[in-house]
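Labels run A, B, C, D and E following the written order; every chain starts at residue 1.
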């Protein structure tokens, strides 16, 4: 099924165009909660999708395997599964493996076989390669080397669940009410062709980075060619994929803070930069000049998440909607406010960010042990 | 016995004949006139006198008109009275003629004031072909003439005389010529044209006496004005005006003031007796009263209305008003209705004067309706204005256009234009476009 | 600037022995080419203003006029040809975007001319349409996948969404009042009513007096939302969301203020004299789910009584976009190809953006079929349809119906001089100037349009008869009745037709 | 969802509808049904995301919405008066023809897009492109009053109507944040209370002093605004207003070569 | 009787009606000769006011005041056809008809002291030349409107 020419993008379109509803919620205190609320919320935006894609990203769900990379892999057939599992055993230490539990759901048609593997790089990892780089490389290998397999989740203590159907149907199928995480993202999709492929649903993910996206990135062609210089192989023929890789490149590999990465993807207009004080001007100019090919042009709203952090960002002229809400420690991001209100009627605060201004939620005690409030993060 | 008897063989009589024949193709008609000729155009006696037209061309209708319309002509016979009880027309020679329906269209007679020497040879009036012939015969040996009266008759005879190389002096009682027909401005322009033709005009004067030749007392030598001035002349034309010719109806019981009173159906106070033309006091739609309007078109139209009613087709006379067209001394002047707004309440006067070209246009409005008009020189579109006046159209919304250089039918508002074309609102020809011109104004 | 460097494009030739100085040409020219010199009692021409619309030629009572292309040749240069040179001169003299009117006039291949139709010989009979039944009726709209009937009672359980019948599968393209005169709108409306087809208001609203033709009217909802209000939507038979136009994909429109007359203003419901600016996008549609939102807003506003059409320009991803449009709830997808016309478009856009309609149609129809959703919407194509053969070929490629714009305008007088954007159309078509607009008499123009459709109907029937089918639906999407000549394998593959002879 | 399952309570001329879990299409069908007859007021409770409320009702009726209505609230609306006790989402008043929308909270992007009649009052902030392409024709002059502040492209392409931004939630010395205010504006008028920098304005608009007519416009609209949300109109009107007007009715008249 | 009615909504002001009227009333009936040799006169005239225009000729009024007012009988109505005709030989140019023509269509021929040629509804044709040759059907020959 990875033969994209025949499966996911059978018509050889430049990119598959899709639009959607997106939702994210995060308890910055780290408290974990089930997928019930987010399922209700995303389902409230049913009409933004067309039943050809739904998915969720959850953080903090595998505390018992927190040190292992949790690979979620979908297979078209058992034969492929055996080949891929051989490949996994060759390159990783596989701590635990099981089929991802599902329940029969009427709306879900011909689902693939979905397994999860908790793995750690074995001795085959070259010394000059970090664990993360090694995982990325092998994920790319599986995704390009095995016709009917797809790794769609590869981070630690997190997981992506997605498929063809409305998001509430996917949630029901994957029994998401049984998982608990401190950060959930969700997506309802409206692709313009019917060859719904489970791998084509959102979130798109590499390592623990997940991206859900609403909009169409008109600059996709150049974004993709730029990322290909850095070894990312765009197999999905979708503009969302480049966002995931761009985030991985900028944040993980180039070490930019999220605020700076946001200014790469949604840079201020030159007329705005020209008015900035000199030092800021130099910074913004450099970012825009160096990463001009990562300007995500065209309408988009994305929710990017990784361990301990959730970022909402719209394009620089806010062509797609994003509403934020806060209740206590919980940050909500949504295409529509009503979806938030459905699960939290008495928000402390709701607002819509300016275009290109990220809204960031971080665990109050993050990896560096620094306490951060949502309020501070929200004002970029 | 004729069913219809018409006394008078001019515009009114002919109008009546033509109307009767539209309704009744058979009822016998007799037309009576003391003149011996078929109907001719009286206003054209000026052209006749000047030699510009012939008797043949003056005929108002083709020679076979009477035969073709089945009209019995009793010409050259003077009517002496009417017996309305017996429905008889009485002739001077004692003959009588019974009628069922009678039209009195006897016209007018010239008004000749009593003047010392007024009975001399060479003193003429100017209303009939006979007058023109008499004057014409005098002109062989004449060099100069005095015309008493600067009205329409005076000017028309003056033009004929000028064309016959006669030096003319006009003596006018008032301060300007054509004062009954024209306002001061138009009158001034007309006066200039008359003077330019070599005519002398003496205003504010009357003729006190007409003197005779020293050795031929009966022949005119000069006139003495009321200020004592003497004007030499070989002939005098009395052109002061006409009065209704009422002799036929005297003692008939037919009610008359200055003229015979008729209602809107041209009926007199006596049943089956109608009157029209210069002899009748008919309805004037401008003034809203009955009065004398002794002009040719009104006579014809009045006769026509009378004819319809005589033949049994009840038809109301819309009324007429004073109206004149002049083409003398190279000047075109038309006027109708009120001459000035002086003394008229609630009137508004709009005018345009080009002092270089002497183009002059004037309209007088009351309540948005036209009650008077005068156009000098550029008269081509005056008929539209006259039509609006006759039909009592409210012109308030476009009144300024009436006197504009570009005035034409196109200047009227769309609805009115269409109405005048006879295109009804529900006709497919009406069109449902917005008024193009109004749109332009908005822009 | 003192002097333009542009030579006249056309030369006006006047045969002096025929010219009677009647000045009909002077009055008929919308561009003030002809003028009368009173002193010399002679009519002359300012050649440099001539756009070769031929109004004067046609109206000259003595046939004294001819318009010729200026034979002046630039130095031969395949790259720097006259047009390229003159465009640069114009822009250097004004600093502005070059405007043009009508459709793309460049030499892109016209695939209609490389497709040939089939006819029956021996193995099956052709049909004589003059005496035997021949059905052209077409229904536009969304159809369910299957018919459900309660066979016990015979009751039809399938509730069809509103479908709109066409007696001839040719509709009149969207041309807004403002770009063209009200008389042209009226002519199109009347002709559509008489011929049993639909006309399209374009994005400039519907004049009050044309509401009576509502049942044959497609009303457009475009980015400018001009004249869009509940009454307008209620008046229509079909509501069309205009996303794009073949002549200017991705471009908005500016109806200049001077064309916004009192009547145009009333119809668009904007003040007189202000520019009517149609933004490039609908500002409530930045994504496919927004389109869906607007489609359903319009369905809600009309209580689901009318099909909603979505019109797009044929662009690279037309197939995917069309698929999305159908999924977004549209009942009709209208696609306008690169040869689609316009009243005014930047020349550079018109001549360079978009793809030919034949290719777009073939791929859209194919995509919708592959996805099993072809029945969910009708496909209408536009952009340079010139004759009934183009119509038949479009239908064989998969269209339900076509739109004609330029052909309709030619029928009522247009000579395709491409000067629509000036608003000075001598034929009174592409103008709101009252003086010029009167030149279209709706009585005459609607009659000519009906004649055109009648003639095409006859021809379509002849072609169908030749193919041995007596209902248009048997041709629809039936690409076996098409063969290609002079096409590459790729072109044949995209068109989904076989090479002639195979 | 079956519309008959919707809970509908009638009392006199008021109808109360509990919309929890009701799909928008069913809700709007119910609204079309109940709006007939002598119903003057409809209270909608537990609204959460239902779209197109107020569309195709075509008459004056009061609709009170408790909750968060969905996108395109009052799209193509022609008559109703809507009060929202909560926030509104995107597209509120889209191409609205007549009627009134009062939002006791904030509203999203393109509020009042292409509206050609009626009034919208918003207590708090609004999103991007608010008042975009508002129009007017003769007596149909739409008004849009925003109590808080707005985001970018406020009044873009504005082709008519009156847009008022009161900035009531700005702190002393704080300027409005929106950029590209009135870009492409070619008719209508905008009044802004509080300050904006020149670079925040589109190049098609100019700042002018308010005249008596402007004051009259403001007095009326601010009075209505204050009345809806319990403010003191005088206090609001005492603030400094600027007026934005298009520099040309033909902003792109010189863009083309011929 | 049939009259010519203008449709100003679609009159385009081309004046081809005038051209064809001249030709119809020329000796040669040849358009070039009619103009170049004969100086024939058009009896229909197009009026223009901004964008508005229409062709106007004698209306042959049901109540022809020109006939009623004519001092000489030159202006007369043909009893059979109802056409209002003008006999130039009998006309003396008093202009009374000008004053009473509610359409202002009568044209003075000052030099010849008479009214110029007027519309005769083209007695030799079934449809008057102006109507037959109007390119936009802006003239209609009809019984009543």
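Some points to look at:
Here is the rule we go by: a contact is a pair of C-beta atoms (placed from the backbone, for glycine too) under 8 Å apart; a residue touches a chain by one contact, two chains touch by 3 or more.
Fair warning: this is a prediction, and the values are worked out from it, not measured in the lab.
Chains touching both chain A and chain E: C.
Summarising the inter-chain layout, the chain whose CA centre lies farthest from the centre of chain C is B.
Taking the mean of all protein C-alpha atoms as the reference point, the chain centroid lying nearest to it belongs to C. Among the other chains, the CA centroid farthest from that of chain D is the one of B. Put simply, the C-alpha centre of chain B and that of chain D have 75 angstrom between them.
Chain C and chain D, compared by their mean Cα positions, are separated by 37 Å. The distance from the centre of chain A to the centre of chain C, with each centre set as the mean of the Cα atoms, comes to 44 Å. Chain B and chain E have Cα centroids lying 28 Å from one another.
Shared interface positions of chain C, i.e. residues touching 2 or more other chains, are given as 273, 293, 296, 434, 438.
Multi-chain contact residues, meaning those touching two or more other chains, occur in chain E at positions 7, 9-10, 50-53. Counting only residues that touch two or more partner chains, chain D has 51, 71, 90. For chain C in complex with chain D, the touching residues are 90-91, 93-99, 224-226, 228-230, 233, 254, 256-257, 265-266, 268-271, 273-277, 279, 283-284, 293-294, 296-298, 300-303, 421-422.
Considering their complex, residues 286-290, 292-293, 296, 316-317, 319-321, 323-325, 327-328, 363, 367, 370-373 of chain C touch chain A. By the touch criterion given at the top, residues 10-11, 13-14, 16-21, 47-50, 52, 190-195, 214-216, 299, 319-320 of chain A touch chain C in their complex.
Listing the residues of chain C that touch chain E in their complex gives 17-18, 20-24, 27-28, 59, 61-62, 183, 428, 433-435, 438-441, 443-444.
Remark: chain E residues 7, 9-16, 18-20, 31-32, 34-36, 50-53, 135-138 touch chain C in the complex.
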